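In what follows, chain A forms one complex with chain B and a second complex with chain C.
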Partner chain A sequence: MSARLRRALVDAGGALVFPLIAIAISFVLGAFIVLATGNNPLTAYSALVRGAVGSPTAIGRTLLGATPLIFTGLAVAVAFRAGLFNIGGEGQLYIGAITAAWLGVTLASLGALSIPLVLLACVVTGFLWGAIPGVLKARFGAHEVITTIMLNYIGINLATYLALKPLRTEGLVPGTDAIDFAARIPFIGLGLGRANYGFLLALLAAVVAYLLLWRTRRGFQIRAVGLSPGAANYAGMGIGINTVLALAIGGAFAAVGGGVEVLGVYGKMTVPFVTNLGFNGIGVALLGRNHPAGVVLGALLFGGLASGAQEMQFSTDVPLQLTNVLLAVILLLVTATKLVELLLGKRARALAGARLEKGLGQ
Partner chain B sequence: MTEERTRGGTAGVGAPVVLEMRGVTKTFGPVRANDGVSITLGRGEILGLLGENGAGKSTLMKILYGLYSPDEGEVIVDGERAEIKDPKDAVSRGIGMVHQHFTLIPALTVAENIVLGAEPRKGATLDLARAIRDTEELSERYGLRVNPRTRVADLSVGEQQRVEILKTLYRKARILVLDEPTAVLTPQETEDLFSVLKELVADGLSIILITHKLGELLGISDRITIIRDGKVVETVEAAGTDEGALARLMVGREVLLRVEKTEAKVGEARLSAEGLVVRSGAGAKAVDEIGLEVRGGEILGVAGVDGNGQTELAEALAGTRPAESGVVRLDGEDVTRVGANGRQERGLAYVPEDRGTKGLVQDFSLSENNALKTYDEAPFSKWGWIFPKAMRRRAAEALRAYDVRPPDPDARAGSLSGGNQQKAVLARELSGDPGVIIAAQPTRGVDVGAIEFIHRQLLEQRSQGKAILLISLELEEVRSLSDRIAVIYDGRIVGEVGPDATDEELGLLMAGRTGGEKGA
Partner chain C sequence: MDEIFGAPGQLLASTIRNATPLVFAALGGMFSERSGVVNIGLEGLMLISAFAGVVGAFLSGSAVVALGFALAAGLIFALIHALMCVTFEADQIISGTAINLLALGGTGFLMVSIFGSGGTSPRVEGFGEVPIPLLSGIPVVGPALFSQSVLVYLMYVMVPVTFFVLFRTPFGLRLRATGESPEAVDTAGVSVGRMRYYGVALSGLLASLGGIYLSMGILSAFTEGMTNGRGFIALAALIFGRWNPIGATGAALLFGFALAVTFSAPQEVIPNEFLQMIPYVLTIVALAVFGGRAIAPAAIGKPYRKE
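Let's look at the complex of A and B:
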């Protein structure tokens, strides 16, 4: 028993080695960029850290930023476990957002009771939306990367059209009606600023994803299909049905993310709506090795950097965009394991072991 | 009879030494794949390189061919220290390699394949006429008959192998390495290959032959170097040894090369097929109207050269590939429309030919793999949930019972050796007490010790009254285990013989020549 625990810890440690090295390298590179802008890297980084975790408000901002990314990260991770690349998180999130914006207003009279109903509806629309590329792949062999990318345009534009035409509120601000505060996800309080209980829902979603993948028959099948379609077929599992389900479940996660943004942050769907949450989910999943726990950590890093960047820009002249550079370098290093091997020698790679290929390979 | 043995491979070469590998060491992480290996090769000699899977033969040859660089040790070609960094260096030193899996381009002709990368030019363009002329010249000189204008796609496997050899000769190879060359050949094609090899050494070439088939090595090689656990155990003269002695050296203990078989107690038909037609992934008719019947208590062997429909036959019988037409029956019940899962529940076990991509999920733990087919049944599952603990407990028992090393349910399947992986597959398939067993190449790429274990298990199942269909490319295996042998050629069963059939009989059938056509 304790040997198993030790193995699990070593596994987890090994999985963290690469991302941590990548983060360290990116900060070193970033320091040179800060120097080039004529600022002191230490000042800039201390502002960055202060802005991310330096105060309850800062932490609240980090959690707020991480919340949707956990959902979209899970959308990528679950599909990836079935060997599929879900690039459709953006469109799926919009589908969830418009579902919540419409139903949130419609069911507002139910008060807080409407929240679970609305989110459930997001699960359904996201599931159906996510199933489309799954069916296209299982039935016609259309590559899911292409179809999910294309469905992004359709999803974003469909949601935007609905928000601008049939569901448009009266008044000057383009978008849907504001949802009554009683029917929104409440703030956590505790001085955490605008952080809301959506973050706890995101953590719950990560737990659900974990249980689904490692504790259910369906998850067993999804993982088997992802790791070895040949062996899954040999064992009598349907490749097609698992392809459809993995993408559909991924879609549901992203759509709930969109719903939580609407119910917890904006209270409506504005046009333009928040962008890139779906795409950043890909980075989060990559960083988190497609494991729910990793996704949570990855999303917190993304959220923290975004939050810290505001403070950094405020107290130094370093532009916000520095954090994008840091993230880009981190992702580059996490994906390009060979590059890290070249930079740091084989030992770093050996430390992380074969787990790397496990997370990213194929 | 005196056995002349020489240690370490420095002596015993009558002719001048053309190649020497000295103290070669290569480690992969904690594994010492080669540990101070030294071999010598004389001019005009055939050196057999014998060892179990994972003993380090391939690593050594990859070092020689510049695919790996050694941690220690040196390679000496023609008395000169050779720095071989990549295959190009190896080729320029006159070293040629024929890989187990061919590296030909099917759409190109024989001549084009042979000159590819070293083309004769006329101005800026390929001098095709010269390529054809050169190919013809070479093929005539060494008796490697093949038409330079034929597309490689239209060649038989044996002919493709000749093209591979010609490719190395065209690049002026003086040292030829052949990796398991007979694995894909019929007995007759093997004979042809060996006579070509003799021709080559008579012409002054030197050959290293990698194989695990003991009998073949004795017939063709001059000396045999045995490698075990990355070290040279011994180098022996082929003339002064026998199969038993070689097997002992290779495995490190006494090995039963032939399993003892009791009289068959044949019962009812348990697995049968009628008019079975199956298409391959590419759409070709891979199984063409096959009918067969396996009864309880017997082993029906299916012999044949690789790629004659064995894979599709096994998959269609097991239910992992749809049959286009025909009927499959399990214990009398028509299961043609029943999927793999249903057939497994009806008592069908299936050891697939490819444990790497079918039999096991390499990145699953052994306990997950052990439950790969029963994850949805009690006690592993209830109401859609699965119980890893129960899986682990059951796996631990099964792994111990089938001597899988390590017997650790949490170990990743891919971390095990080939033999242990196969034992893990066997543990899963046989522990459910199936009535019918389809074993497709159950010992491919498995070490001698594990082969013995697997053979015993199959015979044990036979004596329990199970019906066993054994599909194998290894004639020896089919012959020693089967009660009847069906020969498959081009998707059809072309004949059935007893286990005492001669090599020649079997070989002719495997080449598609049925009795009636023999005289014609």
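Let's look at the complex of A and C:
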């Protein structure tokens, strides 16, 4: 085995240490919760797996759930590569969703041709929205964690206002007009139920994110700023412009995710709309170690759990909300540096790579 | 003016009611963040306590038991946050986000497990209004400020108490020093980790008062996701008030006023959604103006490791 290959394998194995420990502990904890509800954990978990991958319909449901999380996960991962925390995926997704809900109806006469146009518009609005915390940081030194959190609620309220007032249509559920089926992202078929080609768009987005970060000069600069701002600055790479771009690109990914939800799943934006996709994107990105391939895997796990939960609730009487608890516990544990040291010793922790560490005080 | 703001007395009373949970949570966040631990989990701490309080009241019919349940739930969740951030050196922002999701998922799960369905819990006996004799008789201001729930009066008391504890006691000095310069605290023989556990634990207890006020002071039932961003508004108040108890309370009152207007203003004049943005927009503007640098505790967000 060549040294390079071995190194790559060790790296990959090390990268999996944190995610696997977090997942394992979460599932053990979940087993106890299942026991407490008076059910057999094995029955519950086998139903969970069956509901996630046991049939084409189940797989379709998993893909459907994973799709938006790939986008919001990428939104976190790209920013993270520049050393930035993007907690704003929730608001960015809403900005994309309302963009798509508005233009999807307006451009519906173009049929399928409108789909790329609408998604391109989501890229633009998401990019601009995502750039706001970047500019606030680069120009004024305002911390992006706080500004992206605040922008979540500004974005959600803005999208809600647009859906409820200017764009509202008559109907039982408050929200925008339904987009013509010809202008929606079509179903994949193949027995995969309601899974649509949005999943393939999400995979494409992951490839784009990879190429952007590892195969372009700009991506190199973004990663350099994240790894060592001082050195990047010394090398003449503008920290400000890369900060703005990383957050803006992240915003674009999350917004396209919102657009795909509207064009592929709901056909409109209702109030209330989807929740926590942005926040769960953080978990997806961290499980995936902020690598696009890892993000896809993390999103599939999250999507699979959500999908399997329905079968679990049906077969046993464990409420499907259990998986939300499991996902939260995974997120809670996925950066727990010392826990990994306690369980596996310092050597394994060193393998797992650099600590996730970032102060708020600057 | 009246058509936007309603009667002045009512608006003041509504401002106080809306500000109360924000003040509690912001004061709580202050203890945590002054000790150096970011707490964006205030939303979750409030939510789990709002739920636990209702469960306590449902099981016992007693408001005191309900309060005990709420405090216990807030404390437990805060200690989970402290365990992650201090002992396991996990990322504080991630842990806080996870606390929020855990509270949301956990209450959703327990709603079905305990009450049989999600949505809204059965009604319980809430904290009624207890008018303070004489004071509540003052025209306009009296009924608004002094004909409220006991928890509101507790809030009035907690503001000066927090100020006193933070700035006039040895404990407060140590706590603030832990957030500014943990090395110095360590050198002085005080455990940084223990101070941070205290800070985060206090944030859980205070946030839980805000949570139970939502479910049993303003309403008499728990509704899934009922905090609806209030924890983040409290965080905004904390930052807007520059990590100072008086400033944060002022900010919380301002944001409570914005929320109160949301309920009284007719939609055609100012849409609700724009009123609801006010706290977040103001906080961003404040961060841009102050630069965010000089005002946050210096060591906030960083795990402390002995060299």
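By definition in this document, the second predicted complex is superposed on the first by the 337 of 362 C-alpha atoms of A that agree within 3 Å, B and C clash if a C-alpha of one lies under 4 Å from a C-alpha of the other, contacts with A are read in each partner's own complex, and residues count from 1 in each chain.
Please note the rule applied: contacts are C-beta pairs under 8 Å (C-beta built on N, C-alpha and C of every residue); 3 or more make two chains touch, one makes a residue touch a chain.
Keep in mind that what you see is a predicted model, and the values were worked out from it rather than measured.
> Give one of first, second, both or neither to describe whether A:N280 is in contact with chain B, with chain C, with both, or with none.
It touches chain C, and chain B stays clear.
> A:P319 in the overlay: touching chain B, chain C, both, or neither? Say first, second, both or neither.
second
> Identify the partner contact of A:G250: answer first if only chain B is touched, second if only chain C is, both if each is, neither if none is.
Neither partner.
> Look at A:W214 in the shared chain and tell me whether it touches chain B only, chain C only, both, or neither; answer first, second, both or neither.
So A:W214 only meets chain B here.
> Under the stated touch criterion, name the partner, chain B or chain C, that contacts more residues in chain A.
C
> Which partner chains sit in contact with A:A231 here, chain B, chain C, both or neither? Use first/second/both/neither.
So A:A231 only meets chain B here.
> Touch test for A:R4: chain B only (first), chain C only (second), both, or neither?
The first partner, chain B, only.
> Considering only touches as defined above, state whether A:L164 meets chain B (first), chain C (second), both or neither.
So A:L164 only meets chain C here.
> So chain A touches chain B in one structure and chain C in the other; where do those two contact lists coincide?
The answer is residues 358 of chain A.
> In their shared complex, at which residues does chain C touch chain A?
Against chain A, chain C makes touches at 38, 40, 80, 84, 87-95, 97-102, 104-106, 108-109, 111-113, 118, 225, 229, 232, 235-236, 239, 271, 273-274, 276-277, 280-281, 283-284, 287-289, 291-293, 296-303.
> Taking the touch rule as given, give the residues of chain A at its contact with chain C in the complex, in rising order.
By the definition above, chain A touches chain C via 33, 37, 85, 87, 136, 139-143, 145-147, 149-154, 157-158, 160-161, 164-165, 275-276, 279-280, 282-283, 286, 319, 321-325, 327-329, 331-339, 355-362.
> Could you list, by residue number, the parts of chain A that touch chain B in their complex?
4, 7, 214-220, 223-224, 227-228, 230-236, 350, 358
> Tell me, which parts of chain B touch chain A in their complex?
So the residues of chain B in touch with chain A come to 29, 318-320, 339-342, 344, 350, 352, 354, 357-364, 368, 372-373, 375-376, 381, 384-386, 388, 410.
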